[in-house]
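Shared between the two complexes below is chain A, which has chain B as its partner in the first and chain C in the second.
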Partner chain A sequence: MSLQRGCSRSLSPRTTAVSTSVFEDFKACISEEASCQTISEINLKKQKMIRAVLVMNTQGRPRITKFYEFWPVEKQHEAIRNVFSVLCSRAEHVSNFVDAESIFGPDSRLVYKHFATLYFVLIFDSSENELAMLDLIQVFVETLDKCFRNVCELDIVFNYSKIHAILDEIIFGGQVLETSSTEVMKAVEEITKLEAASNAINLVSKSVSNWRSR
Partner chain B sequence: MEQLKTIGRELAMGSQGGFGQSKEFLDLVKSIGEARSKAEEDRIVLREIETLKRRLLEPDIPKRKMKEYIIRLLYVEMLGHDASFGYIHAVKMTHDDALPLKRTGYLAVTLFLSDDHDLIILIVNTIQKDLRSDNYLVVCAALNAVCKLINDETIPAVLPQVVELLGHSKEAVRKKAVMALHRFYQKSPGAVSHLVSNFRKRLCDNDPGVMGASLCPLFDLVTIDAKSYKDLVSSFVSILKQVAERRLPKSYDYHQMPAPFIQVKLLKILALLGSGDKQASESMYTVLGDIIRKSDSSTNIGNAVLYECICCVASIHPNPKLLESAADVIAKFLKSDSHNLKYMGIDALGRLIKLSPQIAEQHQLAVIDCLEDPDDTLKRKTFELLYKMTKSSNVEVIVDRMVDYMISISDDHYKTYIASRCVELAEQFAPSNHWFIQTMNKVFEHAGDLVNIKVAHNLMRLIAEGFGEDDDATDSQLRSSAVESYLRIIGEPKLPSMFLQVICWVLGEYGTADGKHSASYISGKLCDIAEAYSNDETVKVFTKIQLFANKAGKFKAYAISALMKIYAFEVAAGRKVDMLPECQSFIEELLASHSTDLQQRAYELQAVVGLDAQAVQAILPRDTRCEEIEVDKDLSFLNGYVDQAIEKGAQPYIAEDERNGMGNVSNLRSQDQHESIQHGLRFEAYELPKPPMQSKVDPVSSTDVVPVPEALSYRETHPISSVGSTSEAGSSELKLRLDGVQKKWGRPTYSTPTSSTTNSPSEKPANGASHVDSATASYSKSRDSQNTKKTEIDPEKQKLAASLFGGSSQPERRSSTGHKASRSSGGAADGSRGSKAVEKTIQQPPPPDLLDFSDEPTVTSALPSVDPFKQLEGLLDSSMSSTTNHNAGTATIAPDIMSLYGDSTASQDSLDIFHGLSTEPTGATSGETTVTTLPQSVKGPNAKDALEKDALVRQMGVNPTSQNPNLFRDLLG
Partner chain C sequence: MAGSSIMENLFQRTLEDLIKGMRLQLIGESAFISKAVEEIRREIKSTDPHTKSTALHKLCYLSAIHGLDISWAAFHAVELMSSSRFSHKSVGYHAAALSFHDATPVLLLTTNQLRKDLSSPNPFEASLALQTLSRIATVDLARDLTPEVFSLLSSGRVFVRKKAIAVVLRVFDKYPDAVRVCFKRLVENLESSDPQIVSAVVGVFCELASRDPRSYLPLAPEFYRVLVDCKNNWVLIKVLKIFAKLAPLEPRLAKRIVEPICEIMRATGAKSVMFECVRTVLTSLGDHDSGIKLAVSKVKELLVDEDPNLRYLGLQALSVASEKHLWAVLENKESVIKSLSDEDSNIRVESLRLVMAMVSESNVTEISGVLVNYALKSDPEFCNEILGSVLTTCSRNVYEIVVDFDWYVSLLGEMARIPNCQESEEIERQLIDIGMRVKDARLQLVRVARDLLIDPALLGNACLHRILCAAAWVAGEYIDFAGNLFEIIDALLQPRTNLLPPSIRAVYIHSALKVLVFCLDCYLMQNEDGNLVVGQSDPFIGKRCSVAPESATCQSSNLEQHDDLTFDPRNTTESPEDLSVFENNADTAVTQGPAITHEYMLGLLDRIELVLAPLTANQDVEVLDRASNILAFVRLVKAELIDNASQKANTADKKDTQVSAIITLMRDAFVTDLGPVSVSAQGRVAVPDGLDLKENLDDLSALCGDIELPSSSSFGIGGPQFGTSSDATSTGLLKNEESGLVNESTSLLEHRKRHGLYYLPSEKNEISQYDYPPANDPRSNSNSDEAAELAKLTEQSLVLKKKPNQTKPRPVVVKLDDGDVVPLPISNKRPEPRDDSLSGAIKDILLGSTTKPSSSQSNPSDKSSSKRKEKKKQVAADIPSQIKENLGDAEGPGLENPGSSSKDHDYVKERRERGKEKIVEGEGHDQKARKKKSSHRHGKHKTRQKANSPLNVVSQTPEIPDFLL
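Coming up: the complex of A and B.
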């Protein structure tokens, strides 16, 4: 730090400016500390996981977004926009991996796949393998396709909760849970069946209770 | 997906309304889809928000409608608008009994809320209830929510239930419970550290899926502490072996690969466990070789497994045969047309290159292709590889490449990164001073404000101290070449401010040293740049006040310090100083500056110029910037003053920890923290009122007693919270929790405040189990740091400092700013601020030796040719013959490997036959793979089953082991 030494040596009386520069330093330190910690650094320091799943269309509109750690809405939106601007600037026959550290903080990787009008994006860290994540996207899309028969963007828009149910069967709390699309399908079908059943029970019980109270 | 391409129908379907949604929602989606601009979309969404606000206020909304509203809220928030007005409705929906509504509610809250949101406390109770539900789907939904919504404060509220679910009959639930526990571990390792053994137990679960799930937490645990999991190496190896041999049910296959994701996880774990452990590594060689040999490199997932194998091979104790086959795989990757595989190949090459540097030679052309590739991702990965293989022989080519790339990109984040890489390499391997200065100039010019300030300091130190040789001639040559290059650069517009600082400093110190340039020439230049850059800096002053000290002021301070040095050297040399008019006006401007620091510097300059030669020489001796400055950090010169004051009747200084409880700042802060503990909510039922005896705790011993009420409340609520079994888990948990708490509360320094709060009987238990952990942890931490600070500073000085700076809290802050000074500013602004900063800077460790050429010299002849392509060839030490030789070598070796592995697989097969006959595979398999060291045999739900099996095996004369037989029954199909 010869820089400081050189300058400080050039100043002999040391008392007068002390109070102000302490205050200024103090302010500088505060602002430095406040600004340098972005949300991603606070949240993502140690956890090894898949950080987010994003599905957006080719116009940059998000279709499904799921962050496995909490991100405030504005941050989410900003990240989605940044991801989109990176993705649409990618040429056609290049790798499916993108350096995402500038968007999601240190040790973050991004894998995407382009299907028709949709981008499927996974953000994760060094605990996962890029090629494997690419296949996880494949699993997701295969399942969607089985579920909706020729899945299209609109299916995804209108079956929001079902898509999330599928996603939850594949990725759970940021870890890969299941990679067989048939198994996922089974689980999701069971959910649908039971949901329908509980609806029916509800109707019955309600009518029964109504009848009783009468 | 080919099918996805049929998306042409797109919005045409919107009008059909065949999705069970209302017309309204369809219209919304449609109109947003048709929006031409962002503004239009925003307008539509805002209108939708208004509608939803209105609708949600209506009474008696039918449930189906409500569900749709929630989905619409999610949709609105996904588009980036605030939907917080509807959160409460989502929370309400989780309370609903109907499964679809409950699931929607949970989905919404997991997407809406953070784990410290105020509304969470309204959900925790529901989650507790749902985790105990008979319907496993409800349990799954709750577990899903748990992962996202529970934080370290609320973990204790749901932990017993989640632990209980580890023994659930449905494997889907067990799997999710393991992962939820893993998530708890990630969020707050302390809260679940006593449950870690559960992960080991689940490794032997009946269901391979659950086993796979338990690999995730084990991977985390092994990452943190590999040593305590060495005993599992053989288990992992045998599991991997069985997976690779397709012993898992067919349903775990993915694209004809047996459970590839489990394989990848296992390989990652083995890589960690085998790193630097010869014995463990040796047990892995066979299975790794098998997988590499058998793997299907035509599918994506097959390559993923192969890549993971390479990583593992590179990480464990090296084995030449495996390295050989790994190199072959890399060759395949690099030769592939797929960019993805090239990327993986480059990455893998970077991992392997440390072990066998010659591998790169085979692939030099492929590497160069990747460097030229338009794909940025690939390019960056390649730079990463080049960084790893930099030597003094190729540093010039590589760094020049990096600098060129750095100039071409606009991504600040990566620019910073690659700039620091350039600097690092240049410092480490620089072949000549001239090249070094040139490179640094380029880096500073294009990424000046992005590089770490340390880099600037290092550069200046380097120029000041030379390259560590005692050759003064080279040093001064270095300096004058630096001065020359800076004088050239100085005319260019828009230089980064950090670079300007370096320039100012160097010109000030050495501008006139070699006598080539006159003082007035240099000072004129300095004033020019000060003039040129003062304007755009002042704008910033008004926009960002905190930048004031850092930016404009600092720069001007640099300029004027440089001026002062130049004039002082002139005076000391006995020459007459004639100031240029622009310098005069610059100084006058600073004399009237708002910044006291600048003002002071300006006045000092004036004073120094007026002194005689001898005095100036004493103040600013030439060429002494490398000498250490003695600092009296005890401020002993003030002792007399202090003694005088005490004699006159002033109170002597009492250290802060001695006058505890006197209401100083730190105590206030801790008080605050304590308040927050008290206001926390708890999630257990209230306990029975205690006899007053309990709350009357002796204040002195109270710290030890504190856990008691908490333990009581825990025990009392225990029967309620965990109706089922798992008393074992419960009790161990109770015990361990207490340990943790005791340690945290056991700090002797904090006796009085604690006792006072324990005396309030209703408040204290209320925060009981759930809140104490985190808050006390942070509290004791802050306490710790305060204490350490205190021990550094002598009470006498503290008093003195307090009197100097006013206020009892001052000494603490002063010391902390003193620590930060070296970081927070370039030194100009705080140069006059006192001895601390200076002392700090001197203690910096010396930078890495720049002339460290000892790093393995190579045969490479990097001729100074102009063609970059050829240079790169040189960098890779091209020799076609060696490549071909090598290939031939591998070809002959390959069968060798085959025969090697052939043996083992043959024996394996014969054993398999034996298993088939015995109908009880357990004992033999484990015997063969020598798995004997699982710490706990599983006593889960199938303990009886397992024991029966054991007995059966014994009857058949095969030695059973402590391995859980059930795993193998399943694994062997």
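Coming up: the complex of A and C.
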């Protein structure tokens, strides 16, 4: 609260200094901005460091999909299919890069790693280092491994929310925020605990209330 | 009611049930999903939040994994976001992040909930809200939630603070004025002791700087400190990326950072950091030789690494370097060439690009030759990659690097014969283009065209049809360069041309007409000069083509007969005398140019008539039209010729006949040189009065909407017996026609066997008669051999020597002053008003410019003023001395935060001073007077700034701090 107050105080002198005409300008500006936006425009302009995380199995079935910018689902799945068709044609011991500009537009790069039955794919732009992204896949897989003890495809299939919680800790809005798997594990465990607790309360309270209402 | 809720709750399928069911389903996946969605639609309406959240959770899963559109459930997501239970809330937020976009209507309803959760004491709730905000923030949300984000920027919990920092990026993006509020705190975080926080802030700045680097120059001291002190590789990479953007803007900065970067490059064990250093040096510090040398030596290490990723990146780094430092590529040419045969296609393509970068006028012949040979042996995809890059490199800037066009034209011919060649369109274009632009190349061009036309095997390959089209055009247009008219006209009329698509066949027929006209013209001239002496060399041919090509000439009387055989499938037997006669004459025929006899002329006309007569019933209007034209012409000429023949003695009359007049006219028409056309030519044609080019024709399409446009081939009239032959590109049709082809090909083969000169001479004699060999047999060497061979060959050619054998001067290439190439769009920079306002805001903050104060809550950056500032700033950057002057004040309020009156731009000034103290302590104090003088100009802020040093000079002349000295 104190922070908020500080903030508003620091803002207030400026507000008084503004003439009404400026305020009118501002209102016009805002309404203009609000009206002239379209989805395509926004998609074009937005550049995220990491644009998407995809995990798919060797049959091309998606297992995790996470896009950090808005993509209509049909386009998402078209992109996944395209990525898979490139990946499955690549030999085993070749480089981990794929030219992604045809699928994801200009300035997009793609690295992937192949683990057992799964492809882990990252799509990003020039604000990221390719080798660091490969390391990031490694971090993610190691974290999964710690979380599920010898992670396999089925773990990923059945633990939708946990996987997303892990991913959300590592990558936030397209930026890499955490690269230590221990830290990620700590946060994820706390979240799981919190969810479990809230569910437990929920069940008790509900049965009680149900019983009462009878 | 309550009972039903319990029932719902108990019997509802959880997400796990859904997944299990999906794996066991027998009814097909889509059926299962639609059933599940039906169920979910019911459940999600439940008043019980638990049921609702489970339903939404399942829906999220189906959306993420099975691509289901869940935008219809947006309102339910909002409902769950406001649930007090964490698990429900997280499902709601997750669904929102997954499916909301800027046009989602319920977005307006989320503001309050987000605000509440952002200020929640539970860090995980705040984290959820931040997570979703980073994905869905709109202008409104960003504006309304800026205060909350601002307060979280100094949250005590690292867990929340780093996410708040990351979310700032999206907030700035949407609502640039948030910069005025948040920027200061953001920069403060840069000095945090927590590595996670620093990492997040640097990440944000990296992204911001990549959009508008100039605005962040003043922060360079901070980044420099991070660069020197930081040991975290992730952060180092980001800082390097920032400097890669900043260094080109400020040469003194580049000088300053090159040493630390080299130090990191030497010391680091992480390949990613090393590579980032290399890339930074090569892209942005190109003027610093020591750095470049070190970077190139590191690249050298990468190139020989056994990890294909490193080899690939090494090659990429080299291509970055190739623009300015071609020596770096030449130094590593062995590795580059070796990579051409790498098993990884990425590496091959990248090395190909580098090899092409090494191509120059002196070695283009060798390199292209070697590459085209190599293309023969590589897989189709890479083969086309090679061909494509050779074609583009050689044709760049109107064939700038090609000196020897005879060589290049032959190379084009060779490329055309490579199996799997997909570049036929480009080869077609270049063949015609060279014909029009380079007069001296026409002789060779016609030879190449002849070789292509004459080979019946090529007609079977649909990929080559475009090239054959060009060849036919070239042969017809430049027929006066041809060594042997007969073989060309035979090639143009050969029966397998029915495999061509109609449009190309029309070109063949048209070319045949041109050749025929030329023949007749020659014939008449010859008769005029030599009075019908059979066997005398044709003056025309002798004059125009000094070298008799391929010695493929024969006595016309023989040829005439063979041709009759060729085109009459029934007559496959041939009298043995003919053969012997021909062989006897062959020797003499080679030395003599072919003469056009009266008999030959008649035979030729007969043949044309025979071949083209069926085409007058062709379905394609183009073919039909041209065939009818040429037939009419032939009949006209024939009548006259026969007429003349009867009164052979009276040759003097011939010239006066009507025919010769017509022929001369037509010849004149065809002789006119066609030149290249500028792309801007159309623009120079004045628009005639009454022609409205901008008229909107949308109505028209609405009117014609129901009328189906006929496909090109359905224009013609239906001759049912020729229906199949009109379109023979598809192999299926080819098979249908096999019965016809059997005879034809047999006769062709017979012909070839006997004379061995009508078609390409080769080992084709023993092939089975129904099967044409591939146009060019790839030699099947073992792979390792290839690589070694390639390396050896290319190595030789890459030696940069001045070619001694360039005795021939480069021929004239017709080049238009303008419009040879389609102009590129004027600039790649798209105007981005939002970004402008963002950078404007940041400049305001960083440079403390307050020429026109605006409320942080209003006026999203006055554009004109920000532009003005930008201009000023550029001026400032251009004149470094000015910078020094303006930045004298090392005396400041010190490090403590002025607290309550924390005006953002004041802060920046302090910061700058601090930076200065650290880096340049010796800066003079001569600015105090100026400082005082300037302070009055900013009366508005005076009251708030009295505690601080009024460094208002900066607002007048924004500049970069001189940490660089």
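A few notes on this one:
In this section, the second predicted complex is superposed on the first by the 156 of 214 C-alpha atoms of A that agree within 3 Å, B and C clash if a C-alpha of one lies under 4 Å from a C-alpha of the other, contacts with A are read in each partner's own complex, and residues count from 1 in each chain.
As a working rule, a contact is a pair of C-beta atoms (placed from the backbone, for glycine too) under 8 Å apart; a residue touches a chain by one contact, two chains touch by 3 or more.
Given the structure is predicted, the values throughout are model-derived calculations rather than measurements.
Applying the stated contact rule after C-alpha superposition, one finds that A:118 touches chain B and leaves chain C untouched.
After overlaying the two complexes on the shared chain, residue contacts for A:150 are found with chain B alone; chain C is out of touch.
Legend: residue contacts after superposition of the two complexes on their common chain; A:195 is shown touching both chain B and chain C. Contact with both chain B and chain C is seen for A:160 once the two complexes are overlaid on the shared chain. By the document's definition of touching, of the two partners only chain B reaches A:182; chain C does not.
Looking at the shared chain after the overlay, A:73 reaches both chain B and chain C.
In the overlay built on the shared chain, the residue A:107 is in contact with neither chain B nor chain C. Shared contact residues of chain A, touching chain B in one structure and chain C in the other: 3-4, 6-11, 13-14, 17-18, 22, 25-26, 29-30, 46-47, 49, 61-66, 68, 70, 72-74, 76-77, 91, 93-99, 127, 129-132, 134-135, 157-158, 160-161, 164, 168, 172-179, 183, 187, 190-191, 194-195, 198-199, 202. On the side of chain A, the complex with chain B involves touching residues 1-14, 16-22, 24-32, 46-49, 61-66, 68, 70, 72-74, 76-77, 80, 91, 93-99, 101-102, 115-118, 127, 129-132, 134-136, 138-139, 141-142, 145, 149-154, 157-161, 164-165, 168, 172-180, 182-183, 187, 190-191, 194-195, 198-199, 202. Chain A makes touch with chain C in their complex at residues 3-4, 6-11, 13-15, 17-18, 22-23, 25-26, 29-30, 33-34, 37-39, 42, 45-47, 49, 61-66, 68, 70, 72-74, 76-77, 91, 93-99, 126-127, 129-132, 134-135, 157-158, 160-161, 164, 168, 172-179, 183, 187, 190-191, 194-199, 201-202, 206, 209-210, 213-214. Looking at the complex, you find that chain C touches chain A at residues 2, 5-6, 9, 15-16, 19, 23, 48-50, 57, 60-61, 63-65, 67-70, 85-88, 90-91, 94, 100-103, 119, 122, 124, 130-131, 134-135, 139-140, 147-148, 150-151, 154, 159, 162-163, 166-167, 169-170, 173, 181, 196, 199-200, 203-204, 206-207, 210-211, 233-234, 237-238, 241, 271-272, 275-276, 308-309, 311-313, 343-347, 832, 834-835, 853-860, 862, 900-904, 940, 944.
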